[in-house]
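Should a chain be cited, it is by its letter among A, B, C, D and E, assigned in written order, with residues numbered from 1 in that chain.
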Amino acid sequence: YATDRGGVMTYGRYADSLFLDPVLNDANVDIWILSNLYDTLLLPTDDGQGVQAGLATEWKVSDDGMTVTLKLRDGIKFSDGSPIEASDVIWSLKRAAKPDNGIWGFLVSAIKDVTSGADGSIVISLSRPDPSIIPALTVFNTAIMPEKLFEAMPGKDDAEKAKAFAEHPVGSGPFMFQSWERGSTMKLVKNPYYWAMGDDGKPLPYLDGVTFEVIPDDATRILRLQSGELDGAEFIPYARVAELKADPKLDMNLYPSTKIEYVTLNVRPQVDGKDNPLSNVKVRQALNYATNKDAIIQIVTQGVGSPMKSFMSSATPLNSGTGPLFPYDLDKAKSLLAEAGYKDGFSIDLLVLAGNQDETGIATALQQMWAAAGVKLNLKQVDNATRTDLYRSGKFSMRLGAWTDDIADPSEITSYFAYSPTIESQHSGWKSEEVDKLFEQSQSERDPAKRTAQYARIQEIANAEGPMVYLYESPYPVALSKKVKGFIQIPLGNNIFRAASLTK
Amino acid sequence: MTLSLRQIPRPLLLGGLLIGASLVLAVFPATFAPYDPVAMDYNALMHAPSWAHPMGTDNFGRDVLSRVIHAYTIDMQIAFFGTIFSFSFGIVIGALVGYAGGLADTIFGRIVDAVITFPFLVLVIAIVSVLGPGLVNMYVALAVVGWVFYARIIAAEVKVQKRLDYADAGRAMGYTPMRVIFRHLLPNAITPAIVYLVTDMALAILLGSSLGYLGLGAQPPTAEWGVQIADGKNFMTTGWWISVFPGVAIVLTGLGFSLIGDGLAEVLRTRK
Amino acid sequence: MTEMKPLLSVQDITKAFPFPRDLLQRLRRQPGQAVHALNGVTLDIRRGETLGIVGESGCGKSTLARCLVRLHDCDSGRVLFGDTDIATLSGAARRAFNAKVQMIFQDPYSSLNPRMRVRQILTEALSVHRMRPAAEIPARIAELLDLVRLPMDAADKYPHEFSGGQRQRIGIARALAVEPQVLVADELVSALDVSVQAQVVNLLLALQDQLHLTVVFVAHDLRLVRHISHRVAVMYLGKVVEVGPTEALFSAPLHPYTQALLAAAPEIDPARRSRRVAAKGELPSPVNLPQGCLFNTRCPLAFERCFKERPALPASGDHRAACHLTQAEKE
Amino acid sequence: MTPALQVRHLSTTFGHHGTPVTAVDDISFDVMPGEVLGLVGESGSGKSVTLRSIMRLMPHHSAVTGSVLWQGCDLMTMTEAELRRVRGGEISMIFQEPGTALNPVLPVRVQIEENLRAHTELSAAGRAARCLELMDLVGIPDAKRRLTQYPHQFSGGMRQRVMIAIALASNPKLLLADEPTTALDVTIQDQILKLILDLRDELAMSVVFVTHDLGVVAATCDRMAVMYAGRIVESGPVPAVFAQPNHAYTRGLLGSVPRSGTERSPLLSIEGTPPGLTSRPAGCAFHPRCAFATDLCRRESPALQDRAAGQAAACFHSDRVIAAGLAGS
Amino acid sequence: MSLFFLRRLIQLIPTLAFILVVVFVLVRLLPGDPTSAILGDRALDADVARINHDLGLDRSIPVQFVLFLKAVATGNLGNSITLKLPVTTLIAQRLPVTVMLTVMAALMSLVMAVPLAFVAALRRDELADSAIRGTFQVGLSMPVFYLGLILLTVFGARLGWFPVGGYGDSFGEHIYHLFLPAFTLALSLAAILMRNLRAAIIGVVGAEYVVFARSKGIMPGVILMRHVLRSALISTVSLFGLSVGTLLGGAVITETVFAIPGAGRLMIDSIYGRDYPVVQGMTMALAVVVSLTFFLTDVVEAWLDPRVAR
């Protein structure tokens, strides 16, 4: 049975994209759809853990780990029909690696130079061996862009040209940009020059186009899906998952993700001039024990989440977790608090994102649970900018947070969560010399087994003493019309429409 | 001055009953609520209305009835504090401006223009964002914006009243302007502001619930109707009771205030 | 009546109420317009007398009355109380003046604060002017109510519980509370029914005898003014056009306007009906005053000079009129 | 001569919070063709309600009983459509306050034309001409321009003239004038009164003239009826009543008016105040204020009885009143 | 009339200036900065500082204000920080949507309020009156986001009469898409208008000039239309203008619920995103539109009421 071709799939998003430049964009609203417009040399596998061929058909890391050589696919073209030249690839990769250009440069910070080999292959030379360089070539910021078109844009520098280019971006992804009404709809149409073939032997994609509709209100998004005006909708509130599962017209998908929910704890000895109980590791552990994760999972995710086994998600490569961290144990929590000198508990603030149902839900539940251990939790609802500001400046006691990986490698999350030089372990002030040293070693470790061991140890330390209360991992809830086939959201969050189709 | 019961207009009577009952619930919520409004029961998540939970339980296993009742305390507070500062400040400014007239009146006119030209909700949201979410800051924001309306009403009325002979009589008696303004004019000019106040109270509850919806109003786990409705919004199909009962409470209270407003207007009109 | 020093002396006062000019007019430097309510009023009020002031609506009677008690400050000219220019008074002196010259108002429905009981109204007057120590106030209130022939239980009622006539008496009691020398009564009884009017007029006459009050009685009812005044001043368009002892003025009016006014007032005697219209036309607008004599637009006797020159009220004489014609006759 | 208008047992009540109150209590009177009937009484005595009841212009919460015979037909039982023909056509009304009775947002022309449209067959041009004619008739100069103006651009006297112009638009047979001059100055009042009398003569209409000013009655009316607390207490030819009032109230009214020669002496006043609608005393409503009152007056309400010289009075003690005369108190 | 217009315009200048200053200061008082808001948790401090410098946000507020004024003087309202588009473009895209929504709501509320106010006023205290007032009251007391959702569920999803949110592509589609949201907004406005108009009609019906008109023997319909409606509308017109002004600024929640890409939603997003230029520019644009509304209602009022025009 062959896949149906044609049709335009309408997909409901909770927020609109902001800036369609692979390098200079800032947020998931861009990242998660960029791969449909811009192709990368390599592609992530559907489980988000491996790599497969993209614009490059072959790739090889040299034995010393200092160069990567890739062979470009034959006859590849940008969506305007112009051929993709090696120069485009070189220019794109260099732009991505240029320091101070956007905020994603760290992912490819090892790249020293990109050249073209005699046989037309691409040669990336590194400043140090980088075990995450291959997955990095699947990440959005290494997407290949048409150098000439970009440079022909008006504007005096890269940033201004990017602005102009991003209004009508041209790439080599399965779809190409057609129109965009800010805050409302973005229309993509099939790229006739896409290289990949469908199961019928003709080029992908199956769809004639994809239309993104922006519908911030969850309930409305679902209503539109149910009324048939949408073929798919993202960010279905967990509360409605069961209901939509029961809907015969819909497929309620829970795509595995790298998404985790947690509480970040400020562990500095003093916060705002006051002594900080969270600086005591026993207190942190006590709070972890006092947290009934199963109940929270039940309340907030209606049971679709699962308890965290490590600070990184189970879908992140090299996750070493075996069982849930800190199973609920109120007595242990109390005794740990007593040991730490907080027999009568204490009172502390938690930053919550105003108007966010999940966060307020978690916070409310935590408030109840911790009260049993004598900890009085004050909820402080703030908006995102305020929260980020307080977070960055370290002027918070606790905050709720969520994370998804951008790369199929543990280094990204670890550098933010456990390795103190990046951002002081989530701006918490937590620092472990051993973790820092292990992480630095792992960053140029070429032996996979050794790297695995290094990460195991990092997780062991960070999970036990780290600046977090571990809550849950949760999947991406996406509801699709039964007509939709072949759509996937991979654990890194990317919405992949290239093999999606609508059955007639 | 006393009205016999049958002379009270029906709207006033009905509204008075509604709001009276609301006040009783607001003052003694614990007496009427069967459960602790914030206590969660993980074994009773989202139970439909039953004898044990006449309005069901919410997604945290909290008793909706108890939450609706306890919310009276907060929402009546919102009705009161959300308006009283605007009212107090507005009538004082309004009385002074109305009496002084001239330049003060012109300047005031421009301020009024500016404030009513400002998108109201946006301004409130901006102010609450500056100060941080929470009821107290919401009251501040409402007061910053709201006084203008009261001042406008009072100024207009004082302008009428100050032309009446009793105002001149006060001045001819040698009373100070302050005495004339606040002892004589204001008490006579205040009725339309009071009628507006009552309606404004209903609006304050609505606004409170809208801000609650945006996370800027009452903070969890406090039970507040707007927040409850917003919470229950995702369960409209699977747990309608979570949002419907607080919705009914809002409508009833709003109805009560509006009826009182209508009734007061009627009484004060005939009194004249 | 012998010529003695007047108690209150009004010396050539004017008062205009400008229309507010808006920004645009100010930018264009347009001259503002104004209602010229008083256009040079000169008048003496003698101790113990009742001076009646009559005239048609809008002629400035109330404005004059208000200038007397300094509810308005006049634009030019002076009002002397004894020897002091009342415009110079402030603070305690002004309060003292306010106590000595009191005003009673026209509208019984709006001249009392509807939210205050009679007791509060009187207490306020007594205490602000420190007329009595607090302990004696209730006794004084009883006295005052008795004086205006109101029952004792009136003290604890609100104004709206009284009829119009009773309210006017409350107004009188309030004025009397501060023991004034002069009462300025602006249309005291115009809003009252005939039968009630008589009660209040009788009360006023009695009080005047009893307390030796000087009364300025402003009204448009000629019969009434004639009944209670010693002297009468007739106003037209913000000017006193004729002033004289009551009898003289009513029996032999000098000014054509006074004559028209008297002729227009319907006689109470059906036998003396007439079908002749007393005065044609309407009052000119006080915004744009006529050139020359203010009455020239309606005066049947107007001649050339009346359109050029505005006649002044002669400085002396008991019975005087501001009219070229009568002045010419006299000469 | 048959009366033009016969009012018989007219009563008007208001539903006052459940208990109805009577504003006009069983009054009857006639108006002869070409006659000016004065209706006098103090504020609240029911003069306006009487006029409005005749025209069936009372608000919903009131009830009118009795009959009003107009040229043989009873206005009280007419259909709305028939009534519309009479209203403004055969019987016109002038209201007390020209300031509030003219619609402030319509130009004067519209307000006059509206009447012509309803009661005449005139074409548009005919109506325009008639408007000008009417303005001239009531003595408004510069009629053409004035017609396009709004009421607030007129002075009080001018507004009253406009009212009269509207009332006269379709040559009514009866004019109900409700205190048409109370709001006006004496010189203007004088002008308006004379205008109405002139028009009466010219158009041969009857006039019911409501006022509380006895001077106005003396100057304009042929006959008069005195109202007190919703009843007619005395009626008769004007000279006769003025010369010899048969009712204590009429006597008091006449005595309250200052007369020349009595300067600064106490007036003959009626003690007390007129009763409110809800507190009408039993028996003769006037008894609490009456010097002649006896137990009979406190018990029973006197009926209007014919007396000498075409006068009628509702008083048990007319003889004593007559004997007391007008002088002194 | 042109004088009237000019006067209005002159009055607008200080108003706008005042609003401008308040907004400029207010948004900068908000904790956090646009860069933090956009980049979220992941950005490194160095990146944030660099971007803020590029945006000129590291200068003192007075300096920024002067620069802003200079830019405004040349008609340049700056670029959105988040969307990287000129603010003028955004205004051109978003404002018409909100204006259209509001205009539709205003018209709908008139259509609902005027006839029903008549019925209620003329059948005062009868069943019809109570029913009308009660229904509107419930509409008025219902939070907009809740009402919107119910309407969407019933008329959008269940009955399928209207699209569930969105804005559509053509003018016709806009109208179709905006029907439910406009109705949601209209209901509360209609309730307020209905109440006011009803009271006004009751007042006017008893007015002397209406009784006088009846005494002329003209048709009841003429009395109602010519004498009652017009006068009653006068008192409602300025309230209407005022409410439409409030609607314009208050469409935020409706726009969120119905997924309409309007100005209200953008304003809130921009406040949250600390997108200073957008907040400033949008407030100005809204203020101008609101002032225009006031002006229009003034004109209508002057046209209805000859006493106003001078």
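Here are some notes:
We adopt the following convention: a residue touches a chain if its C-beta (ideal position, glycine included) is under 8 Å from a C-beta of that chain, and two chains touch if they have at least 3 such contacts.
All of these numbers come straight from a predicted model, not from anything done at the bench.
Of all chains, A has its CA centroid at the greatest distance from the CA centroid of subunit C.
Just to note, of D-E and B-E, the chains joined by more C-beta pairs in contact are B-E.
One simple way to say how far apart two chains are is to compare their mean CA positions; for subunit B and subunit C this gives 49 Å. If you average the Cα atoms of subunit C and of subunit D, the two centres end up 31 Å apart.
With centres defined as mean CA coordinates, subunit E is found 53 Å away from subunit C. Residue positions of subunit A touching 2 or more other chains, listed in rising order: 219, 382-383, 386. The multi-chain contact residues of subunit B, meaning those touching 2 or more other chains, are 129, 213-214, 230, 233, 236. Touching of two or more other chains is recorded for no residue of subunit D. Residues of subunit D touching subunit C in their complex: 42-43, 155-158, 185-191, 193-194, 197, 212-220, 238-239, 242, 252-260, 262-264, 266-271, 273-274, 289.
Listed in rising order, the residues of subunit B touching subunit C in the complex are 1, 164-166, 168-175, 179, 183-184, 187-188.
Considering their complex, residues 30-34, 36-45, 47-48, 50, 54, 82-85, 90, 93-94, 149, 152-153, 156-157, 160, 163-167, 256-261, 265-266, 272-274 of subunit E touch subunit A. Taken in their complex, subunit A has these residues touching subunit E: 18-19, 26-27, 100, 103, 106, 159, 163, 166, 181-185, 213-217, 219-221, 223-224, 226-227, 229, 382-392, 401, 416, 422-423, 426.
Put simply, subunit A touches subunit B in their complex at residues 218-219, 237, 239-240, 242-243, 292, 295, 298-299, 302, 352-357, 360-361, 363-365, 367-368, 379-383, 386.
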